[in-house]
Amino acid sequence: QEFQDSLKRPLPISHSAKGFEFRDTEGKFLLQIAGRLQFRFASPDDQNPVTFDDFTNQNTKLFKINRARLKVGGHAYQPWLKYYFEYELGQSNLLDFRIMVEKWPWLNFKFGQWKVEYTRERFISSGEQQMVDRSLINRAFTLDRQQGITLYGNLDGGGLANFDYWVAVLTGAGRGATSNDDSKLMYFGRLQWNFLGRPLPFEGGDLELSQMASGIVAVAAATNTSPYTRFSQAGGGSLEGFEEGLPGQYTVNQYQLETAFNYQGFSWASEFHRKFILDNITKQNTSLGGYYLQAGYFLGQVFTFWPQPLEVAARIAQYRPNLEMPNNLETELALAFNYFFEGHKNKITVELTRFTFEDETLMRRDETRIRVQYDISF
Amino acid sequence: QEFQDSLKRPLPISHSAKGFEFRDTEGKFLLQIAGRLQFRFASPDDQNPVTFDDFTNQNTKLFKINRARLKVGGHAYQPWLKYYFEYELGQSNLLDFRIMVEKWPWLNFKFGQWKVEYTRERFISSGEQQMVDRSLINRAFTLDRQQGITLYGNLDGGGLANFDYWVAVLTGAGRGATSNDDSKLMYFGRLQWNFLGRPLPFEGGDLELSQMASGIVAVAAATNTSPYTRFSQAGGGSLEGFEEGLPGQYTVNQYQLETAFNYQGFSWASEFHRKFILDNITKQNTSLGGYYLQAGYFLGQVFTFWPQPLEVAARIAQYRPNLEMPNNLETELALAFNYFFEGHKNKITVELTRFTFEDETLMRRDETRIRVQYDISF
Amino acid sequence: QEFQDSLKRPLPISHSAKGFEFRDTEGKFLLQIAGRLQFRFASPDDQNPVTFDDFTNQNTKLFKINRARLKVGGHAYQPWLKYYFEYELGQSNLLDFRIMVEKWPWLNFKFGQWKVEYTRERFISSGEQQMVDRSLINRAFTLDRQQGITLYGNLDGGGLANFDYWVAVLTGAGRGATSNDDSKLMYFGRLQWNFLGRPLPFEGGDLELSQMASGIVAVAAATNTSPYTRFSQAGGGSLEGFEEGLPGQYTVNQYQLETAFNYQGFSWASEFHRKFILDNITKQNTSLGGYYLQAGYFLGQVFTFWPQPLEVAARIAQYRPNLEMPNNLETELALAFNYFFEGHKNKITVELTRFTFEDETLMRRDETRIRVQYDISF
């Protein structure tokens, strides 16, 4: 009997999508170790243009390690007491560190630092994007990583009544902050309706060629008072036209509407954003807007000559840094081809992007960029 | 017979207090990997006040990862040839790295970088403290981490003649130093009498509810000539009223007397410090003094209504930055509650602290702080 | 039968020269984790002198961790799809990260960041050097680590027709660069004749006491246009007399001739270098030259009283920072004793070095240095 049990027990060492897994004999401890390397070639430039000056930079041929990640997760003492941390080896930055208490599907609790679930685009791992990287509008609207606590869960009322929710209190000082500027915090909420009654995973593309369609409609909002007008992996920062402020200088309110849909190799995603910045010192208001639409398809589903693991995807993104100013508009048009050797875990992406910046007072600028990226997880 | 042996052999993978353990089949190699995450909420401030100005800072509500550690240890080639390193992921600092040659209990040898065993409070891991963190006086008196070599061991003459000793030669340039300022080194010694004939582990509290009392009396002293008047995780630094000096500018002599005692859930610890700083350029002498007394108890030992894993602990610490000046005194009074889910490896601590700073020429200042901390090792 | 197979299959955990090894049951994934710690004592200084001023520095006694490395390698999805990364914990630098496609011995492909195979001395790991560290000339001539792609392989025509080759296109911006200065790249090639028909491993000394002699003659060349005149672990830098330039300011052409030979405990290595720097702004040309000769022997091969694991080695290196100037010459004479407890994986080295700097206009300077180093891999 004991021998039978030992056969059913998971192996002490195995490999899964989360890397190598190690278990103790009692099932109290699980340790998962994974690495991910992302290599990128770009010309004439890797970064999206931010200002009109960025179009006149010297053209370069760039090859670099773009991401080198060490991921460690698992559970300790109880199967529902989970931990996870992720370290960026190239920049020596601790990205994620969090403890998750996941006893019931409808009520989970997490604290530490992680990517706030504000937008689907940002929350999807950089290793599971559909294009080489996120869209032009991510820079202005993402909350990126924050420190704090969150409640989240899935409310399944049967049939189409299937909702995911997130409610968080965060310090709103960005990744790696070791102090808060004042006693004002960031508050965030997101409600997601899984309108076909089943969840849609946070990953780009429909690699599983889902036989059952899945879709979401989500709304998310956040408010924060801090010295910052934007957030990135580097922590709190400033949008163009703003400087890093004093404690509590900027009150930022923002919301977004999001859709996503997967079916038989076709995938769709969109976000529509508004963001309002109030400078508490000068009392000046600024409104920002933007959206993207993105779709991908495995053409091998309809054309026999097309390789099965080759996906084609396209995106349009538009960003208006100031909704009160007429004719200021930044546009990204992108076309990408993904060849999935082992799904998102081992893939190559070729991407062509056309940027166009317009403004009433400046000459229209455009640029075409090519990027090739190889991403491997192990 | 071989099969019998293989049953007695430790498993290739197991989990202990030092994390996951991996072994080769010959028993020549052992690798231990553990992580530790410490989350802290503090208001109005996390850091102990250092100057009178620190009492007038803007009040904040702070939540942060306070420590994120990766610990790797084991032995290689021989069971007595041990290695250990510890990396702080949040700050990207290599904290410990050392090789230990531990063949005989009475004569061990270690080299590399580690926390000098000068005081019990500093040497106890931040994950095994009795309060949220170390006392007010630690900042001024700790030698923190240093690089060098040490001899140490336990001399057991039977009965109450039980002593531990440490003798070290160190560069005295602090954590992470890659050069020494001059040819003068740091010398350190510590003698500890285990006066009840048995050792007392370096950890806060008597979680084991020891049925046999243990106690120590220790004396430690150190001398160093360097540009620094204090040490911390950041390396060499300066006390208030001092600046980072020239090579060999400060000669610092210091000693301390220490006691600790554990019995049936009760624990006691104390340190009494003196430190003498000679500025070799100005020839000025400064004397510093301080002490702390600390006690904890599992009240569940006497009250049946009190939860067994809940410890209450209290501490008083007083620090005089200059013994020649009358009435300069900094006081910390702290009360803490520890709930040990899995001993020190998974615990939550709530702490209230009252700080009072007095000085002849300045207005008396005080502040009450609350901190909540969750600490998990895996 | 299945039981027989499981006996032949490698163990899920084992320990090799590459550290602990973990395997999945299907043989698709291999993970190797190793650490290396290197401790060094030096007096009066650790760094080689670079300028005449370095001879008048304050003498110090230095003990430090010199290297603390975490090495992670293995294969994923296919046995021939290999990955490797190496992180310097003391400096928090990602050193190597690369993917290797190694299906055929004669045609391999690698991309990422690694030590360019320009010189044998630099390519040999710091843990497998014959002396405490590389020679005086390494600083001026190494290409160090670069990012890019390389083709390499072994061409074995039978008998003495045995060649290794490397051809690379690199960004030429040094370790850790995240951008390239312009569209000009670094090109590198190396051809190595294994003139006794068998390979010679990239490691110092003949620890295996080879019964069959091995030898190489190699020629390597590189060209690069960048702001830099030298490279090191810190990335791109400048030689004395140069400043960090503008994008594309310096065109550097260089070549070297190399020999190495191992037989019955005797080992030999040499390099002869030329480097030509053209400043594209001032149009000034500078030519640099240098060489080293190095030999080692296990005297236990001829003297019975000499301990078997004790090797003695000697090196002469000379460097001329400017071949057009007469009488400028920097000389290093070094003598080292290696005691190999477990080959290069656990060894102690004692080294005496004599530096002499000469120049027409400056007083001749010399200095004798002693260094003791312990290096352990696990």
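A, B and C label the chains in the order they appear, each numbered from 1.
Convention: a contact is a pair of C-beta atoms (placed from the backbone, for glycine too) under 8 Å apart; a residue touches a chain by one contact, two chains touch by 3 or more.
Everything numeric in this text was worked out from a predicted model, so none of it was measured.
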Size of the rotation, in steps of 5 degrees, that lays the CA trace of subunit B over subunit C: 120
Homomeric contact subunit A-subunit C: same or different residue positions, threshold half: different
Distance from subunit C to subunit A - Cα centre to Cα centre, in angstrom: 40
Interface hub residues of subunit A, defined as touching at least two other chains: 12-13, 22, 92
Complex interface listing, subunit A residues touching subunit B: 12-13, 22-25, 28-29, 31, 72, 74, 76-77, 81, 83, 85, 87, 92-94, 97, 99, 111-113, 147-149, 170-171, 176-183, 185, 247
Complex contact set, residues of subunit B against subunit A: 11-15, 20, 22, 33, 35, 37, 39, 43-44, 46, 58-65, 68, 89-90, 92, 341-342, 345-346, 374, 376-378
